[in-house]
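The following pair of complexes shares a single chain, subunit A, combined with subunit B in the former and subunit C in the latter.
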Partner chain A sequence: MRHLKKYLPLAVMALMVTAVQLLTSYTGTAYYLTQLTITAYYGLLITGLCLLMGYAGQLSLGHTGFFAIGGYVSAALTTHDLTACRNDFFITLLNHAHLLISRHDIYGEPLITVKAWPACLAAIAAALLIAFIIGIPVLKLKGHYLAMATMGFGIIIFRIVMASTYFGEADGISDVPAFTLLPGLTVSGDFSYRTQNYYIAWGLILTGMFLLINLIDSRPGRALRAIHGSPEAAEAVGINTARYKLLTFVISAAFAAVAGVFLTHFNGGIGPSEASIMKSVRYVAIIAIGGMASLWGALSMGVILNFLSLRGVFGSYDDAVFGAILVLVMLFAPNGILRLPIWRKLNFRHRDG
Partner chain B sequence: MLRIKNLSAGYGRLKVLRNISLHVNQGEIVTLIGANGAGKTTLLSTVCGLLRATNGEIYLQGRDISRQRPERIVASGCSLVPEGRQVFAAMSVRDNLLLGAFVRYRAAKNKRRSMDLKPVYQLFPVLKEREAQMAGTLSGGEQQMLAMGRALMAQPALIMMDEPSTGLAPMIVKNIFSIIRQLKDKGNTVLLIEQNARAALRIADRGYVMENGKIIVQGPAADLLANQDVQRAYLGQNVDNK
Partner chain C sequence: MSTELFFQYFSAGITYGFLYAIVAIGFNIIYNATGIINFAQGEFVMLGGMTAISLYPFMPLPLAIVAAVIITTIIGALVEIIFIRWLDNPSVLRMIIITIGLSILIREAALFVWGESVRSLPYFNGNSISSINIMGANVSPQVLWVIGVCAVMVTILSLFFQLSTLGREMRACAANRLAATLCGINTRNRITLSFMLSAAIGAAAGCVMSPITYSQYDMGPGLAIKGFTVAILGGLGNSMAAVAAGLLLGLVESFSVMVLPQSYQEIIATSILLLVLFIRPHGLFGNKDTAALKEF
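Right, the complex of A and B next:
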């Protein structure tokens, strides 16, 4: 019974994902799948951040930073030509480890780059390492001091990618190759891979939700909620609050980095707008709308709002709309719109993650 | 059980505790009384490891715990019922209690957990009734019981309570103190910090009086109740000195 309640939403979600795909192919609107794929990757970042913000109670305005580290490192490693320095000791070593691939660029010039798999793993490892290093000092801060420190981190990452030629400055990195996960399973924005990528993205987020739901329902999950409730009392019952906060921070950074890697290979490139601070504000707004400590709320709101935003419904007022939504939610639905009394009147029961 | 030797501690350059020595024997209720700012809470925080001692030693069951991290200290048998209760408001009563047993479970088995809740529910039947309720919706007295139950879940050798009577109605305070007495009768050891000196001294075996970070008087609780200086300073009685 308990397991049923826990996993039923996951099953429903899997069914809905399949139903949407069938519906779009039936009605000839398969182009929606591209935006839904991108939406799913943002959703992955949002659910990871929801664990940190909603459950452990630590605000982060720097998660685009981890997304950008994942995306940019993977993009740079798979596009930068190593032909010129191919006789260097380190490069030869990589070559002998079969981590390099030589191919031809769009002009037919030979190109030697890192393979997608090692590049992806290196990108995620880089994000984890940086999350670990900055998490130790930053998580000692509380409330808006923590928000400002993480925002500072986000700005630094944004400025680094804007300033360094290695990361393409304001142009970003383009021509990022497809990423073959397994034979026959390729992350690519190519038209023929569209349905496949839709399922890769949503399969990834289902896996992510499965992990998060189980984490929240476990001993460490209880510890996180306790830290949110009262850090002093959490210490007094014997929870190493610093360690658990850091662990959550690193896990949520991992979610962001994975999302960054996949979305970059799917889009075939990444630009500095993916690292901008407004994106972080948007993610925080979405989690607030979803009800803070509600994974399903954050995910559903993320999917709806990001999808509308990607379809261009908000036009040039995109950021303004998210800002306005944040203000309205704080005023009229501080517990998220899924917990408004109107739902109870309609006799509609929603479940928490 | 607990033995504190020449302990000094403070916040930054501010020294709060100066050369405190005290001990608590197995099965005793020892109370520490004193005015606001005397250093009572600082002393408990230092014993718990929330604050680093600058000098001195703290022995719990013969082992030096003065340089250990809080979770190690809880695991070695010393639980704190913090000031102002500090229950986890947004979590259920049951989850609050299970968190109390946090250090005892690495890989938890559900069955064993529920068995562990029984003694606490026996002591506080009201918590059983409110098992699924959010802790924040409990009354002050119930929250205090929950905070005590949570500390007991760690099966501590020593329970330290920081002002359990704060903000409670006199009737409830009476109830809480009779429960502390029951804890002793069941073989628990309690270090009780109180501003409500009279109530604390009535149930305690021994007492210490703190002032400006120092212990100024100590002795059996009955003696302290009768001590004229203590009466004048902490029990609000006018004593005629002829």
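Right, the complex of A and C next:
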């Protein structure tokens, strides 16, 4: 019974995902699937960040940094031509390990690049490593200092991708090849792969939610909530607060990096705007609206707002809308709009996350 | 390196250093009165510069600057009255998010009003090529304006906080708000005043800097992060140390061009911020034990 209650939302979500696909195909509006796929990848980042902010109580204003590391490393490895240095020892070694692939670019020129799978793993490993190294000192900080330090990290990543020619400066990296996960399953923005990619993205997010729900319901999850409530009390009952905070930070970085890798292959490129601080602020806004410690709240708000934003509903007021939402929610509903008293008055079933 | 080039870098470093110091002092004034960091501080600088530029065609330059400072001060007061005054003991996280949201709103409003174009006020004396020769180096008179105005502001502020009754009352609010209230100080009004003061000095700095650095709707966040770096470097809340820290950061940034391309300049400032946060969060001049008692 307990398990049923825990996994019921996942099953409902899976049904809704399928229903939406069938609906779009029935009504001939399959073009919505493209935006829904992108939305899902942002949703993956948001749920990971929600674990960090809502459950471990650590603000991060630099999470686009991890998204960018994932996306950029994967994009750079799969697009940069290694033909010129193919006789180098290291490159030969990679070649013998079957990590390289020869293909032709869109102009028919031959080029040698890293295969998508090793590039993906390298990108995620890079993000994990950086999260680990950055996380140790950063998570010792609190309040304003934590906010500024994470924002500083985000700015550094943004400036690096803007300044280095390897990452394409202001143009970013384009012509990123498709990513064949398994034979028959390809992450690509190509028209014929649209339905498939919709399911890949939402399958990924379902997996992510499954992992997070189980994590929150386990011993580390309870430890995290204890830390959020009172770090001193948690420390007193023998919880290694620093270790759990770091663990959460690394997990949420991994979610962001995976989202970055997949979205980059889906879009066929990545630009510096994906690394901007404004995006990080936007993710924080979405989690605040969803109610901080509410994975489902954050995910649903993330899907709704990102989808509307991608459809261009807010026009040129896009950033302004998110700023206004941020201010209004924090002023009038600091626990998220799903926890406003009005819902209780409407006799909604109210459950604390 | 030639002496001349050295002085050129030096004067650029000092100029930017004072700007960062003013932004840092703006942070400090509000932090001292309320314990919050106003992430919209850089937007005050932008508003000051942009308003003065818009008013300049209709009135003489000094009047335009005064008017811009007054308008920004009023905006600062409104921000506090509308968004912050009535909150009952808000958490630090909530205040961070609210002020970040406000900075976005002010920036987007500025984008709506002024567009994306880069503007600037005219040089106060002479023009962009006129220069004064100091020890063999050519320095624009505007640099002297910046240094002069910023130095005067810092002096007046520190005298104000040390000597005047109002300034002492504001410091009392910072030290212990409850005790200040019991002494009959209207703490809420003093907090509004702190927002007005920090908006005013930000706007004034935005005006004197405008001919050199130019003004654009999105200049705020970059200034805010550097101002914050300086505020931390000097020790949060310590305005005199902020000037020293500001000059230090300005000089480091300006001389860094010798070793690294310009596009990496912001990385240097941000790396310094991270290093200070990790190694000496109480600042170069701050006291560790005092800092431990503050709530960040």
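Quick note on the criterion: the second predicted complex is superposed on the first by the 349 of 353 C-alpha atoms of A that agree within 3 Å, B and C clash if a C-alpha of one lies under 4 Å from a C-alpha of the other, contacts with A are read in each partner's own complex, and residues count from 1 in each chain.
Here, a contact is a pair of C-beta atoms (placed from the backbone, for glycine too) under 8 Å apart; a residue touches a chain by one contact, two chains touch by 3 or more.
Being a predicted model, the structure only gives us computed values, none of them experimental.
Chemist: Quick one: name whichever of subunit B and subunit C touches more residues of subunit A.
Modeler: Higher number of touched subunit A residues: C.
Chemist: So in the superposed three-chain picture, is A:P334 touching just subunit B, just subunit C, both, or none of them (first/second/both/neither)?
Modeler: second
Chemist: For A:A163, decide between first (touching subunit B), second (touching subunit C), both and neither.
Modeler: Touch partner of A:A163: subunit C, not subunit B.
Chemist: So, does A:I155 touch the first partner subunit B, the second partner subunit C, both, or neither?
Modeler: The answer is second: A:I155 touches subunit C but not subunit B.
Chemist: In the overlay, answer first, second, both or neither for which of subunit B and subunit C A:R222 touches.
Modeler: In the superposed model, A:R222 contacts subunit B only, not subunit C.
Chemist: For A:S230, decide between first (touching subunit B), second (touching subunit C), both and neither.
Modeler: Touch partner of A:S230: subunit B, not subunit C.
Chemist: Tell me which partner A:G143 touches in the superposition: subunit B (first), subunit C (second), both or neither.
Modeler: Second partner only.
Chemist: Can A:N240 be said to touch subunit B (first), subunit C (second), both, or neither?
Modeler: first
Chemist: Touch test for A:D319: subunit B only (first), subunit C only (second), both, or neither?
Modeler: Touch status of A:D319: second partner only.
Chemist: Considering only the contact definition stated at the top, list the common interface residues of subunit A for subunit B and subunit C.
Modeler: none
Chemist: Which residues of subunit A touch subunit C in their complex?
Modeler: Contacts found on subunit A: 59, 61, 137-138, 140-145, 147-149, 151-153, 155-156, 159-160, 162-163, 277-278, 281, 284-285, 288, 317, 319-320, 322-327, 330-331, 334.
Chemist: Within their complex, state which residues of subunit A touch subunit B.
Modeler: My answer: residues 219, 222-223, 225-226, 228-230, 232-240, 293.
Chemist: Where on subunit C does subunit A make contact in their complex?
Modeler: That would be residues 36-37, 83, 87, 90-94, 96-98, 100-105, 107-109, 112, 221, 225, 228, 232, 261, 263-264, 266-267, 270-271, 273-274, 277-278, 281, 295-296 of subunit C.
Chemist: Would you mind writing out the residues of subunit B in touch with subunit A in their complex?
Modeler: Against subunit A, subunit B makes touches at 48, 50, 69-71, 73-75, 79-80, 82, 86-91, 95, 98-100, 102-103, 105, 108, 147, 150-151, 154.
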